[in-house]
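Some structures to go through are shown next.
You will see chain A twice below: alongside chain B first, and alongside chain C after that.
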Partner chain A sequence: MLSNFGALRPRAAAMMLATVSLLLAAVPGHAQLRLDITQGVRDAVPIAVVPFGGQAEGGASDVAAVVANDLRMSGRFAPLERRDMVARPTSGAEIRYEDWRLLKSDFIVVGRVEPDAVSFELHNVRTGASLLTQRLPSSEKGRRAAAHRIADLVFERLTGIAGAFSTRIAYVAVDGKPPAQRYRLLVADADGFGPRTVLESREPIMSPAWSPDGASLAYVSFEGKVSAVYVQTLASGERRRVSARAGINGAPAWSPDGRRLAVTLSRDGNLDIYTLELATQTLTRVTSDDAIDTEAEWSKDGQSLYFTSDRAGNAQVYRVALDQARKAERVTFTNGYNARPRISPDGKELALVTLDRGGYRIAVMDIASRNLRVITNARQDESPSFAPNGALLIYATRDGGRGSLAIASADGAFQQRLSADQGDVRDPAWQPFGPRG
Partner chain B sequence: MQGFWQEHLRPLAGSASLHLALVGVLALAALRWTSSQPPVQLAIQGYVVDGPVATKPVPQPRSAPAVKPPPVTETVKPPEPLVEPPQERRAENDAAAERAAQAEQERRQVEERAAQERNAQLARDKAAAEQRRAEEAERKRAADNEAKRKAAEDAERKKADAAEARRKAEEQAQADREAKARAAREADLQRSLAAEEEASAVARSGVMDEYRALLVQTVERNWIRPPSARAGLQCTLYVTQAPGGTVVDVKLGACNGDQAVRESIATAVYKSSPLPAPRDPRAFERRLEIVFKPTE
Partner chain C sequence: MKLMHVLAAAVLSLGLAACQKPTQTKPDESGGAVESGAASSSGLGGEAGAGAGAATATLTPQQQALADLQQKSVVYFDYDSSEIAQQYVPVVAAHATYLVKYPTARVRLEGHTDERGSREYNIGLGERRAQTVRRALLVQGVAEAQITTVSYGEERPAVEGADEAAYGQNRRVEFVYAQ
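Take a look at the complex of A and B:
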């Protein structure tokens, strides 16, 4: 279809366009009532994800359950409860739209699990339109991956945003009580399922950061009682210590091209921002203020850094161009505390922790307008990280000294705790799409 | 004698029947000739189609007026009574006889002349009758021809009249149709003027605004805005609703939104079905142009 369209001569295409616009122009008549719709609701979209045929319901690889949970987790969808479903269609031909309209679903996902694939269809219950029909190759072990992929496709078709359910999250979990604590660096599916230990240590592990290609993690580990920055490739497990200078080595952040890290070092007596060329170990000092400068984040174009500094007396976010290192400018002015900036995938927004009405909360700031919107409402939220589609953020929320992971939509409409219970959890980071995207 | 009958019965019978037949034919011919009547004039029914051109058939004489022959008066005077002279005896008697003979002769001559005259008169009368009959026949023939001609003329005229009448009727029908169409147009105009008047009355009364607000509210409540529906978006849907408010058709017009936006707006409209009814049924509008253009 696409190739056919591509094969059309430009003139033919132009004529088609002209015809279409003529038709469109011809549609309006005089006897019409015109309505201007300027508002909508932010409600979650009601959708029925019917248990897939070809597999038993329940269990970890229940495809429909995984799809429904992903969609629910996004905050943008309200999947219909299974107990309310009156039928179990497994193909579009079996769907009786009126049944699902009565159940107040707008959309429906049906499908089947086959030995070597999972096929699914997405239909609009209100209009009766078939929106997606796909067959995804899948082994018995890959059912969950197929399910996340289905959730991605449904999410994209209905929100206009690429789904990020097939990506993963990295975070740190702490078990036990001092002094017998155990730190683990974990990587799990975006829904928190299937955590895998990347590193385990008796000493603190902090600040995991994904490489732009999503293949490696940089992190801070205090193994050997002193801090050092490591880079570890996930597939091979191979890791490298890239910064172990005197004092503090912390808060690594990858440059957009993946060749450099921004780090916070105290080697010159004060906490300042440096860049480190990974291939050559070339270190370049960026800030040299007397105050604490830390938590660097790269701009989308790689030409400047955002960072947290208390140079004005309390923590605020600043930006510094790499070629004008001494001219940092403050970018946050709302609220008395703004820290830990993280850039959005489109480079237009910063997520940060802000002190809002007595609580540390996650906010998203539009860089151009400096408008700040607070998107969470707990008392101690920290470490925001954008999902690669920019629609969601993952963050840690502390409650009674215990941290857990939560997800919020970037517009602030929804927040949801991740159910995974792995003790005290902190420092989440959402994997980028990487080269596949 | 017996043999003669037997021998000649056939020829005799044949001769007799031939004579009888001839007599019959002659009688019939005579009868026919005398009973030859003028043809009955056909009364042709005519329709009075229109005032000014209506022509009543001119009444035709059923037959030619009878021309009475002048009365034939036979004036045959009886001979003068002869007065015998007084006899003078024998001589006288002889002379008287002679005179008598002479008188007789004269009387006979007179009678003969009278007979001749009578015969001539008869012949004259007969000829006159013949003449009259011939004239009569001629008149009848002429009358017949005249009647036929008139009938033909009448028929022709009737035909022409009928054609004319048809033409007139058609013209009239055409005129009627045009008048009717004109009247209908005027009525339409009146109606639409009235409708406009009513619509503006409805609009003035605020019912229209209220209806519009009701519809907007319903659709907005059902529109789950996808994140891609931001300020600057403008998408038009042409929606047709049935009188009960059921959405029967949704067509996408100009739209700068993505697939998700298009899906969401069509879903919103179908989800709003049945659409709310106006407080005043006159405000109902089957066709709606719904423009989605979020302000932020």
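Take a look at the complex of A and C:
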């Protein structure tokens, strides 16, 4: 079914640009996110990340501190506190393994910062074996990036899972009291550092979604006093209004090949899901039910969509093939409310919001067995998004009455808050790996 | 680039000034008739035109009717419901009467939800509430062209708070009149 209502008018789109601030500037400190370690993690592997030689300890570009923080954030490692370190080796030859055995560290990372590179080594404390030695080109400004890369490599060497610490997160920050609020779309490092404003508006911004190559964001902005879907390339700041049809324009989700967006549109108030070919603006209707159909997510093969619908009376997750050979089939049966499906990187699981014992919580469902495991335990958790390695999820929660972000392991073993100093933060989306594979 | 930002900010603030919302009244407040003239004249926006700040006595009958209406310009909803509760039927009827009497008047119905549940799904619930009110206006003779709807879901709460009192204030449809 082809539909062609409300074609995009480029001139109107250009005018719209003037009503909001489009920036890619660093944000003053108050938008900074801080990782709060709220619980010790059982079975976390003890590791010593020794302060690197060649740079002063402390400060934002302290390489070892960034590496240790990343590893702690993963929930799988328990980095040794610096105050407990009895020595500061900066190369494998300088490590006295008996010292670190006494401190009960299983592994040790040492390294040095040079003007144009950062080098590091990973050793097994028990055996003394060298597990990894690498020198990463790095300018003075790129120390944190190098540190995240080191964390990725250490994590992968010790767990067999690619690290996702070099990726970024997009989220929405809201300041001010209702009804006079200020909305910002931000992008920060995965550890919350260095948020940069992508868009700022007096009207709501919601539902950021990363393109599969990790270079662009689709999002919903109400800057024109009605909702519209935009696609913005982060490097250039260039953006396009891709859907501004009468009624609702919401819930954008990228096809795996990055050529199409699934979007939610409404005609006479009935929300249905469509796909939108970005290059041609071709719109194809996917659902046509009287119920609320929204929050589409693509299957990994790009052949079907998962979505939320209340066609059976309350919100549940359904799947429909894009060729529409069959009716949409319901895929969630546990609990009376399941919404906002997000597919895992391997395509085998769905993260979703479920109403569990009176609280809205994040659950991960195995698609084949339909087995649903609840992985968070607050009362108002929403907007789950998988890290590109599938090991962690970022989601939104409430903390002391304020919106906060949080990170949970996909197995539910731990949760950690990523909270803002002030204001609400919400609607997080974790950047995919992109082409670097 | 810098100039663009300044320009954008200027346009943004202009837009804000032009789009001020009508004063809201809580469902259980009767609203003092005396001070209402001043409070709602700013909310009249384009309808009042150049007469902003003018004395109550200069209001046209339509402006007076609108000022009266805006004492009750919000319909509140029960949890997970888009039905208009009995107590708000007269509210909707009063707006219908006004819109029928003044066919050039335009109303924007803004649907909202409380913060519980998924954001985009709540956009759907807010839209459903706005559509319920729209249909109620239509059956009372209001022309389709007079009504637009928008759903903000949980994105624009009326009040802060995570208790039932706040939720009740946030599950609503607002009648917003503009030029």
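Convention: the second predicted complex is superposed on the first by the 385 of 437 C-alpha atoms of A that agree within 3 Å, B and C clash if a C-alpha of one lies under 4 Å from a C-alpha of the other, contacts with A are read in each partner's own complex, and residues count from 1 in each chain.
Here is the rule we use: a contact is a pair of C-beta atoms (placed from the backbone, for glycine too) under 8 Å apart; a residue touches a chain by one contact, two chains touch by 3 or more.
Note that the structure is a prediction, hence the values are computed from the model and not measured.
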Once the shared chain is lined up, is A:Asp411 touching chain B (first), chain C (second), both, or neither of them? first
Who does A:Asn124 touch here: chain B (first), chain C (second), both, or neither? first
Is A:Gly269 touching the first partner chain B, the second partner chain C, both, or neither of them? second
Per the contact definition in the header, classify A:Gly313: touching chain B only (first), chain C only (second), both, or neither. neither
Report the partner of chain A that touches more of its residues: chain B or chain C. C
Could you list which residues of chain A make contact with chain B in one structure and with chain C in the other? none
Can you list the residues on chain A that touch chain B in the complex? 24, 27-29, 31-45, 76, 106, 124, 126-127, 131, 156-161, 391, 411
Under the touch definition given earlier, write down the residues of chain A that touch chain C in their complex. 17-23, 177-179, 181, 201-202, 204, 206-207, 222, 225-227, 247-248, 250-251, 264, 266, 268-269, 271, 292, 294-295, 308, 310, 315, 337, 339-340, 353, 355, 360, 380, 382-383, 398, 401, 426-427
In their shared complex, chain A is touched by residues of chain B numbered 208, 211-212, 215-216, 219-229, 238, 250-251, 253-254, 258-261, 263-268, 270-271, 285-295
Chain A-touching residues of chain C, taken from the complex the two chains share: 5, 7-9, 11-12, 15-16, 19, 21, 115-121, 123-125, 127-128, 130-131, 134, 149-153, 155-162
